Amino acid sequence: MTNYEETLIPKLGVITDVRIDTPDIKTFRVVTPEGKKAFDHKPGQCAMLSVPGVGEAMFSITSSPTNEEYMEFSIKKCGCVTDWLHSAEVGQQITIRGPYGKPFPVDSEFAGHNMLFIAGGVGLAPLRSVINYCRHYRHRYGKIDIVYGSRSSADLLDYKEIIEEWTRDVDVDVHLTVDNAEEGWSGHVGFVPNYVKELGFDTNRIAVLCGPPIMIKFTLDGLCSMGFEKQQVYTTLELRMKCGIGKCGRCNVGSKYVCKDGPVFRADELESLPDEY
Amino acid sequence: MQVNEYKPLIVAFCCNWCSYAGADLAGNNRADYPAEVKIIRVPCSCRVNPTFVLKAFQRGADGVIICGCHPGDCHYTSGNYYTRRRMAMLFSMLDYLGIERERTRLEWVSAAEGAKFAATMRDFVQKVAALGENKRLEDLRCKK
Amino acid sequence: MQKITEKHLAEKAKDLLSQGKVSAVLGWRRGEFDYDVTPALFTDADEIENGLVYNCFCGANLSKYLVSKIRAVEGRMLVFLKPCDTYSINQLFTEHRVDREKVYIVGIPCNGMADITKIRNAVGEGITGVSGDECLRVETLYSDEPAELCLADVMSERCVNCKSKKHVAYDELLGDEGEVLDSHRFDEVERIERMSPDERFAFWQRELSRCIRCNACRDACPACTCEVCVFNNPASGVESKAPVNEFEEKMFHIIRAFHVAGRCTDCGECSRVCPQNIPLHLLNRKLIKDMNECYGEYQAGEAVGGVSPLTDYTAEDGEPGDLIRRRDTDA
Amino acid sequence: MQRIGVFVCWCGSNIAGTVDVKQVAKALESEPGVVFSTDYQYMCSKSGQDMIKDAVRDHRLTGIVVCSCSPRMHEATFRKTASAAGLNPYMVEIANVREQCSWVHKDIIIGTQKAIILGRAAVAKVNLNAPLTPGESPVTKRALVIGGGIAGIQTALDIADAGFEVDIVEKKPTIGGKMAQLDKTFPTLDCAACILTPKMVDAAQHEKIRIFSYSEVSSVGGFVGNFTVSIRKKARYVNEDICTGCGACVDKCPMKKVPNEFNLGMDNRRAIYIPFAQAVPKVATIDPNACNMLKNGKCGVCAKVCTAGAIDYTQKDEYIEEKYGAIVVATGFDPISLDKFDEYAYNNSKDVITSLEFERLTNAAGPTQGKLLRPSDGKHPEKIVFVQCVGSRCSSCSEKGKEYCSKICCMYTAKHAMLTRDKYPDTEVYVFYIDVRTPGKSFDEFYRRAVEDYGVKYIKGSVGKIVPEGEKLVVQGSDLLNNRQVVIDADLVVLAAAIEPDKSARPLATMLTASMDTNDFFTEAHPKLRPVESPTAGVFLSGACQGPKDIPETVSQASAAAAKVIGLLSKDKLVGNPCVASSDELMCNGCSSCERVCPYGAITYEDKEFRMPDRTVRVRRVAKVNPAVCQGCGCCTVACPSGAMDLRGFKNDQIMAEVDAICK
Amino acid sequence: MRKCLYKDIHKIFARVAEKMPLYIPAKTGDEKAEYKKWSEGDELFEGLNTVKSPKDLFFPQSEDLVRFKTEGKNIEITDVREDKGPFAVFGVRACDAKSFEVLDRVFLTEPRDSYYASRRENATVVTLACSRPSETCFCKTFGIDAGEPGGDVSAWIAGDDIVFSANTEKGSAFLDIIGELTEECSCDAVDREKEKIAVIMERLPLSDLTTDGFGGGKTEDLFNRAEWAELSEACLGCGTCTFVCPTCQCYDIKDFKSGNGVVRYRCWDSCMYSEFTKMAHGNNRLTQKERFRQRFMHKLVYYPENNDGLYSCVGCGRCLKSCPVSMNIVKVMKKLGGKKND
């Protein structure tokens, strides 16, 4: 039987870089001990990282598949595994398995469309992969708008990359906002859902949302009032997951398993699910 | 002692005020007792949760001994009285389940009783060694 | 002596509801078969008329439900309690888990509850009907004639060794006041004590190895009302979900017995609900017996405010070794 | 995850002799969380501590494990070191590899292995340590001294002189204690009363000192800096404030046959009495067991003769509750009962007396006004035998006496013998002794004077039997130096009875939660380094309650205890022990199990509102621990069924991690 | 078809056990039974079925997945899978045999679970028709025929004989093993037995239970029904129903620190447990009603929706017998079935 691949048996990973993004978010660069990428993935997919004895947890892969060298994970400190990872140093081995979940339909539904990415807080993490993918294959997509907000400027993830790369791209508009006014911040102040409305996008685009549930709810309502159809809006769900392969039953909502059928859902798909997420 | 005798693993919970000090005194007096005994310092014997005893067995201990101040001498007045009741019940329960009673012990050792500490440990180790490996309350996952 | 039937219970419940003395009634609901009775909350007379049942299958101890259900109810909740259930409720009052003021206890007599497993063993599969009280008529698919069984022969073990027919807490009693009985409930414990350690070990190994860790014993136990059970709490160090090996099987049951020691009223729910028929009550009874012998007779739940022997002491208490040795000389 | 530094101490060769310290340091290097590991000759030395501080800085340590001597020795030292390095002091754990390893195991392989395991357990614990901040509590700037003998008086005077209020509680009607009963004091032979009574008066007149005579401590609550003590003032049936101590009532009291305890029953007092002339307070006390008026309402003479109107037969015991910051125990000693020593005929013959009785017989204020007369017939004794070590230095299997040396007997016996020969040179004086112990300033000179100048006959040997024969006491003993039996027809035999702690000490110790040794002497916090402190914070020891002592030693210890008390009371705030219990209210059932077992009443309950995840609000009863009252025993943690209660510094997971590490 | 005297069944067991481990429903104390590796002296349980279903043989209550050793920053991963080789299980009832199909659809779909797959491949399932179903049986509701139990080999007790019929290649191999202990026979006796069983099936008290109103696509109809509150009100939240259920397959993955490494194991979990879906930041099923609903919705709606209408219940009746408060899927189906959302 050992000749079968077993997805539940993880591979070794090594943390080769730890970047402190915000007071409670760090971004970890992970490769195999041989220095390669552990596996290929698509934007929006996740991986199970684990620290033996501490636990296993699912994280979205924040680096773009177009990055051939390594994977990155932006991880917010909340719970055993993340606490442990936050105290880990470069050179620390962890285990990794994946990729899991359904990716964003970057090569099908998204292709050829204008894109609107809306993220709040650590919600940028899953979107970063798809944003960078779109930037990499820039010609395949129309206009790209990114609305990103956080509690404060210190809580903005990947700020350096946003400023130094994204904002410099032609045809990529980045709209940053923080919840409350602060010294030294000359950008927009206010909550993401309101900012989206203020910016007043036309409906000729696909919207991808990610952030805290409350932000998603209000932004979704906002988009609908702006005339967006639910079929145009994608988001990701976060639920407790264990196996990552739709078998352990934990993330089952309706007939879907978030780890296998998600975490990316189109808003209209979500609507058909029982209200348990 | 025989050369090939089984070397048991003994976890000793000692209260800070009496028994741990008693163990220190045993050291001061260079009293000899087997190195199989490993002491864990607790503020009072009443800090020892029956769970700790079970955990020790799970992890591979062959014997668990709890040492506290003599009745009436508890630094916290009454802690050891509660210990006495709790452990009486625990040990009896383990005995009821057929687990060798010699693997558990409660002893009162004062800060002045270094010699008693050493003698108690020698005796306990010998008794547990005679029983051999703890088979009835073991967790195979924890065996090497 | 007036015979109390479910009709009396229903009358009483409807009465108190209509008077507004209580706003909900906790009783037992008729099931698919005569024997599969389910605890239920009733709020109107029709439901009570059609659904409320009281027969020899109403073994479930309703007191535990009060801990959670009472929160959802405005006003007082009527609860029907059998004598042994009243000990549990007293213990819950003692531990401040249930507010006395919110409960209206109607004590109901109990002649002993039947054990469906024993009935099944007697008549086989295919039980389609059970009626009667002292004498049970059991109809089955595979026999044209109903089998006649004496309740005493198919009574659950806890009822055979009933410790008390006395209600120790009630607002009202249906039927007569019973008495504390001189039971033989420790006989089985003594039998095990008399075994050799090897036999004892084999006995418990056999019993506990059947455990499937469904947690029914814990979840039905009226003493197990912790906000967070240690077995569910990763921080406790003993969290576990499965009887992974012999050690875990023992660990779970020893710790559980200890957590309810001095608080367990010996209601026997743990053994009743065990799908594997593990005699779990023999662990609790062992502790009760030991405490009685060492620290004086104590019946948890006999009165509100009782002090568990494990939260008490005297300077003259015996040493752990004495206890075990004494039993050897006795045996 | 922590960044732990491991520091293995050689303790010279104390540890390094039987433990391969390098190997220990190396082995612990790969333990989880350990980022630095080293060894050094003396970790507790300044350079050792500096090494730790440097490592904390250089390696950004968050936790420290020191493998060294017992934490009872240097835990505080290394906590301070950590503190100085900017670490929380409670991030330090000690692996006891000296007392519990290198000193008990001879084999270096075994010792090293065990040291590694102990170190591993400490590392496992530190991994789960959390920084702890001690709570603060105010200090009541007043001390209580229990016992009004010379020890208590001296302590009280010293504390009061430093400007703090002191209350003395004395169970007898007067302060003064045993010293007041003595005649002369060795080795200078000055009169006890002459040096004691001025101090008694000083105490009585000191504006900072209150004396509760004829009073006892009935309960003690609280903790260091904040004790609440209930004092029972026993009814003396005389209004203390009004009584002038004139003694008219005593003279007129018809109840004359009450054995006088001050003179050890060698004469009688009245039912109303003043123990002795210089008593402080000098007020009368009615003995309720002897007074007819109190027993059956017949008499009332004293009330009639008292011009001040101080007699009050209706007086009741009075309870006074006071707050103190510190408590000094000075309960002193008593000679043991000689009931079990039939061989010495103490109960058969009036002329077999104890040394304390002898003191009264030779005291000018005693029953014989200082004349040495036999209690039986009032004749001058011509041959006196002193027997030393009566009940002292007994073998451990003896049930009669004490194992310890009573320390003062050699000297007072020499004093008695010398004084007898001095006053009555024609009296033959024999002393039976086992050893003569005279380690004190001018002590041996004193003893030699008794032998050489005063001709006291010292016989090394024990007395086997004393048989009263007619007027004589036949003393049968052995003379070990000459290897022969001796028989002496004595007129008076004086027994140097062993001394033991006062009987009131044991219940008092329980109230104070102060520990005692097997002989009921109070245990000191450290036998050498903290000899006047009890292990219970805020409780100090003065005088013979801690062990047999003579007067100079008692007084010096009394002053030492006072110094400690002054040190404590001069603080405005006390920093508590942060290792206290705390309850996780999310898990607490409110069942009261913890409250029941708490010896300090540190746990109370409150109804707390909880916002449930479904947005409803639920009110639940939860436990709250008062960290200033909690002493950190952890009893509640085991009583708690849900595991809501845990003990900081000794958390469940920490102890279990130690278990795991040991069993690894 | 091959037969032998039923009273000689132990000879068959002995023969099979020579070739490979054999599991049978064996009597434990108290007239209960459990699947047990047969050894000389073990007797076949005469009653209907075991307390725990035979899913244990393929999906054990707990099993080690992988081991780790950590040292410093390094981790060593050890694959602990081992091929235990072929085994046989005898006496599986029709319902339980069907449950394997339910489980297969979970564990054998990609990515397939190699732990489960290996055991399934190694197993020869010998089923046994139910001559005396219990009043709690309702396999018929899910289209299962107790007289046609399936598996690799089907067996019937017909008169004094036990008759075997191979359904698969593995089954034929099994019959080869017991070949010389059995003799060829016609299917007459078996047919008579099947008829008898069919008659009894009709008489079972739950024979009229239907799946009307359930199945894929019924989420909207059923999810918000008010009856869930009453149905779930007595539920203790224990895992009895889940653990005795032949089709429940939720599991948890946990790490056990053994002191000399970490064992990652999986064990059965139950959606009835309050902490099943608990996360660091909350729980998407807060009340027992929601958890209770999830279990039955999964069995009766979600699972069939994903699996071509196959229900995740086989009507074995174990939950009816084991629930401490007699709450079960039949009561749920009777209460909610055949009605429209109101």
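Per-chain numbering from 1; labels A, B, C, D and E assigned in written order.
Throughout what follows, a residue touches a chain if its C-beta (ideal position, glycine included) is under 8 Å from a C-beta of that chain, and two chains touch if they have at least 3 such contacts.
For clarity, every value in this text was computed on a predicted model and none was experimentally measured.
Student: Of the chains shown, whose Cα centre falls closest to the middle of all protein Cα atoms?
Tutor: Answer by centroid distance: B.
Student: So using the touch definition from the top, which pair is joined by more C-beta contacts, A-D or A-E?
Tutor: When the contacts at A-D and A-E are counted, A-E has more.
Student: Report back the single chain whose CA centre is most distant from the CA centre of chain A.
Tutor: So the chain farthest away from chain A turns out to be D.
Student: Mind checking the centre-to-centre distance between chain B and chain E? Centres are C-alpha means, answer in whole Å.
Tutor: The answer is 46 Å.
Student: Averaging only over C-alpha atoms, locate the centres of chain A and chain C and give their separation in whole Å.
Tutor: 51
Student: For chain C and chain E, what's the span in angstrom between their mean Cα positions?
Tutor: Taking the mean C-alpha position of each chain, the two centres sit 30 Å apart.
Student: Would you pick out the residues of chain C that each touch at least 2 other chains?
Tutor: Answer for chain C, listing residues that touch two or more other chains: 236-237, 244, 310-312.
Student: Find every residue in chain B that makes contact with two or more other chains and list them.
Tutor: 50-51, 55, 59-60, 72, 78, 82, 86, 139, 141-142, in rising order.
Student: Tell me, which residues of chain D touch at least two other chains?
Tutor: As it turns out, chain D has residues touching two or more other chains at 597, 639, 652, 656, 660, 663-664.
Student: Which pairs of chains touch one another in this structure?
Tutor: Touch list across chains, by label: A-D, A-E, B-C, B-D, B-E, C-D, C-E, D-E.
Student: Spell out the residues on chain A that touch chain D in their complex, using ranges where they run on.
Tutor: Residue positions touching the partner: 84, 87-88.
Student: Can you list the residues on chain D that touch chain C in the complex?
Tutor: These residues of chain D touch chain C: 586-593, 596-597, 605, 618, 620-621, 639, 641-644, 652-653, 656.
Student: Can you list the residues on chain D that touch chain A in the complex?
Tutor: 1-2
Student: Which residues of chain A touch chain E once you look at their complex with the stated criterion?
Tutor: 1-2, 4-12, 52-56, 78-79, 89, 91-95, 238-240, 242-243, 245, 247-250, 252-255, 272-274, 276-277
Student: Mind listing the chain B positions that touch chain E in their complex?
Tutor: Answer in residue numbers: 59-60, 139, 141-142, 144.
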